[in-house]
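Structures incoming, each one as C-alpha cells.
In the two complexes below, subunit A is the common chain; its partner is subunit B in one and subunit C in the other.
== the complex of A and B ==
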C-alpha cells in the first residue's frame, strides 16, 4: 500500500492506482469528462488536473487520471490555482461545444456561465476525448471509428470519412461511452441509426422470434456469434424470451 | 495502380519491417515512396496485411504531414516558412513559385510534375530562404533564382 495525502487527508491506496481513483475511493471529488473505467486512461479532457508535491518537494500540475499514486505524495484538488485553470479549460470547452448540456452544467458548478472565447458554430458536442474510439477498440474490439487529422482539423470519423464503416457492428457502445452526448443512437422500428459528429450509419435490427420486438442489430449478433463460437440459430429469440 | 502491384508493394514494405505493427509509420512511408502517395486502396491493403484496423491506419495516415492521401507530383517542393527564412524573403519566393507553376500551396500541377508545400524550418537557417525540391536543398533562394532552379526538373 502507498501512503499519500489528498486535500490534507492521509489516505492509503494500492500501488498502481491513479490519483483520481484513489481520491474517488475516499470520496474526494475530482471533476472529469473523459475518464471511463472500461478503457485505459487517456488524459484528454484535462479537467481532472491536480496540484502535486512529491516526497522530494517538487511541485507540479498533473492530470490525476493518468498519474499513479506515490509514497509521500501530497495532492491538492481544489486550490485557487487549480480552480482558475479549470475555469479556463471549461471556458474553452464551452466555446468548442456551446450546445453541450453536460459541459454547461459542469461549468455552472464552477461558477462559469459565459465563455470569453470565440464560439464554434454548428451543433458539435464532441470534445475529442476518444472515449468512443477507445471503447470501440478496447472493449468491443472492432475499431470502427477513430480520430483523424491533427490540430484544428482533428475530428472523430469513420475511415476515409465515409458514411459507412465496414467494421462497425452497430452496438452503440460509442454513444453509450460519450460523455457529452455527441454521438446519438436511435432505434426506430427495424432500423437503428447511429449519428457521429460527421457521419451517420444505419443498421437493420433483428426481430425476436417469440415476442416480435426488435432487440439487436443483425451485424452485432453475427459478430457475437462469431467471436463466441456459437451458432447464429441461438440468437433468434431476444434475451427475455430465451429459456 | 493495378491491385496486384499494390499488394506486392505493401508486402515488400511489410517484409522489410518484419510485419511489426508498431512500425506502421515506417511501412506507410515505404508504400508512399513507391506509389508517390497513399491511395485508399493502399491504406486498406496495409491494414489488411498487417492486421491493423483500417480506422487506425487512416488515423495515422491523416495525422502526419508527410503522408498524402491525394495524388502528388513527381517532385515535391517544400518552401521553408520558418522565422529565419521568412525574414529573408521566403514569402516572395513562395509567391513566385505559385505564379510560375499556377498552383497554390498544397496544390499539385496538372501535369503531376510538382507539388507545392510549405514547412516550418528545416534547420538550415543560415542558408535561408530554403527551398527543398525532392532530395535537393536549394539555399539563399530569390524570386529570380527559383525560376532557373525549377527549370532543372522535368
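== the complex of A and C ==
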C-alpha cells in the first residue's frame, strides 16, 4: 500500500492505481469526461487536472487519470489555480460543443454558463476523447473507427472517411462509451443506424426465428460466431427464446 | 438500449457497492436489482433501507454487504429517515460546517414497505420535495416473512394469506399502481425498471439520483421462492413481464410519459403466467380477465405517452 495525502486527507491506495481512482475510492470528487475503467487511460479531456507535490518537493500539474500514486505524494484537487484552469478548459469545451448537455451541466457546476471563445457551428458534440476508438480496439477488438489527421483537422472517422467501415459489427459500444452523446444508436424495425459525427452506417438486424423480434445485427452475430468458434445456426433464436 | 449484447457489459464500472456473499435465496432477482442499481452510482451515497428481504440478507451481524453508509429503518419510515438525512445535510451546510456537497440520499424498500406500510411516509417526503430517491424493489408479496400478500400482489396470485382453493382463487384485488401514485405527486422523475433490462435499470437509477428534487423508481424483481418458479427462469420471467405488458417500462419526467421499450406486439399473458406456481390454479376465464385488464392498462399508458410526446413537440 502507498500512503499519500489528497486535499489534506491521509489515504492509502494500492500500488499501481491512478490518483483519480484513489481519490474516487475515498469519495473525493474529480471531474472527468474521457475516463473509462475498461480501457487504457488516455488523458484527453484534461478536466481531471490536479496539483501535486512529490516527496522531494517538486510541484506540478498532472492529469490524475494517468499519474500513478507515489509514496509521500501531496495532491490538491480544488485550489484556486486548478479551478481557474478547469474553468478555461470548460469554456473551450463549451465553445467546441455548444449543444452538449453533459458539458453544459458540468460547466454550470463550476459556475460557467457563457464562453469567451468563438462557438463552433454545427451540431458537433465530439470532444475527441477517443473513448469510442479505444473501446472499439480494446474491448470489441475490431478497430472500425479511429481518430484521424492532426491539429485542428483531427476528427473521428471510419477508414478513408467513407460511410462504410468493413470492420464495424454494429455492436453500439462506441455509442455507450461516448461521454457527451456525440454518437447515437437508433434501432427502428429491422434497421440499426449508428451516427458518428462525420459518418453514419446502417446495419440489418437479425430476426428471431421463434418470437420474431429483431435482436442483434447480422454482422455482430457472424463476428461472435467466428471468435467463439460456434456455428451460425446456433444464433437463429434470440437469447430469450433459446433453451 | 436493451439490445446491447456482448461488448457493452464489459464497459460497465467494475467496482461493486453491494458485495456478494449475502444470504439471499438462490436465483434472487432482488439482490441482482440492488447490485445493479448501486453499481450505477458512485460511493457518495447514503442508503436508508426499510425492513425487508434486502435488510435481512445483507446485514447479519457482524457482516454486511454494503460498501456504503447504510441505515436500517423501520418498515414504515424509510422515506422519512431519508428526508431527515437530506435535511440534516442542508442544516449543516447552512451552519457553515465542512460537509461534502455532492452527497446523495437513497431510500430503498420492498413492495410492502412502499405500497402498504410506508405509503404515508413516502407521500409526505415526495410532497415536501426533499432531494432524495426512493427505489422500490417490488417482489409482489412479503417474501421475507413467508410470502404474505401485500397490496402489490397481482390478481390471482397465491400467497399464504391468499390461498387458492374451493372458495378462493388467490389474491382477489388488482395490483396497486404505485408508480402512478408517485407520479400523481407531480415529482420531477418517476420510472419503472426491471433487472432483466440491466442497462435500462442503471440508466434510470443514475437519472433519478441526479435529478434535483424527489425521484421514484419502481423495480420489478422476480422472486423464485415466493413466485414458485424455477430459479433459472428469473431473467426470463422479468423479460416476459415486460414483453406481455403486465409490467410496462416507462419514465415520467416532469409529468411527461415516455415508454422505454417499443413493443410492436404484446405477447399473450399465458407465457408469463405458466412459468409460475403461484398462478398454477388459474382457470381460462380468470386468465382471459387478466389479459383484458393488462391490455386496457397498457393502452391507457400508451395514450398518456402519446399525449406527452405531442406536448413536447408543440413546446418546441
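To be clear about the criterion, the second predicted complex is superposed on the first by the 243 of 243 C-alpha atoms of A that agree within 3 Å, B and C clash if a C-alpha of one lies under 4 Å from a C-alpha of the other, contacts with A are read in each partner's own complex, and residues count from 1 in each chain.
Going forward, contacts are C-beta pairs under 8 Å (C-beta built on N, C-alpha and C of every residue); 3 or more make two chains touch, one makes a residue touch a chain.
On a predicted model such as this, the values are computed, not experimentally measured, just so you know.
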item: Simultaneous placement of subunit C and subunit B on subunit A, clash or fit; value: fit
item: Which superposed partner A:145 touches (first subunit B, second subunit C, both, neither); value: first
item: First, second, both or neither for A:220, with subunit B first and subunit C second; value: second
item: Touching partner for A:158 - first (subunit B), second (subunit C), both, neither; value: first
item: Partner chain(s) touched by A:133 [first = subunit B, second = subunit C, both, neither]; value: first
item: Touched partner set for A:171, first subunit B, second subunit C, both or neither; value: second
item: Partner chain in contact with A:77 - subunit B first, subunit C second, else both or neither; value: neither
item: Subunit A residues touched - subunit C or subunit B, whichever exceeds; value: C
item: Superposed arrangement, angle subtended at the Cα centre of subunit A by subunit B and subunit C, nearest 10 degrees; value: 160
item: Lowest C-alpha to C-alpha distance for subunit C against subunit B (Å); value: 19
item: Contacts on subunit A seen with subunit B and repeated with subunit C across the two complexes; value: none
item: In the complex, subunit C residues that touch subunit A; value: 3-8, 10-15, 42-44, 100, 102, 199, 236, 239, 243, 267
item: Complex interface listing, subunit A residues touching subunit B; value: 133, 136-137, 142-150, 158-160, 165-167
item: Residue numbers on subunit A that touch subunit C, as the complex places them; value: 24-25, 27, 29, 36-38, 135, 139-140, 171-173, 176-177, 187, 192, 211, 215-216, 220, 224, 240
item: Partner subunit A, residues of subunit B touching it in the complex; value: 40, 43, 53-59, 62-63
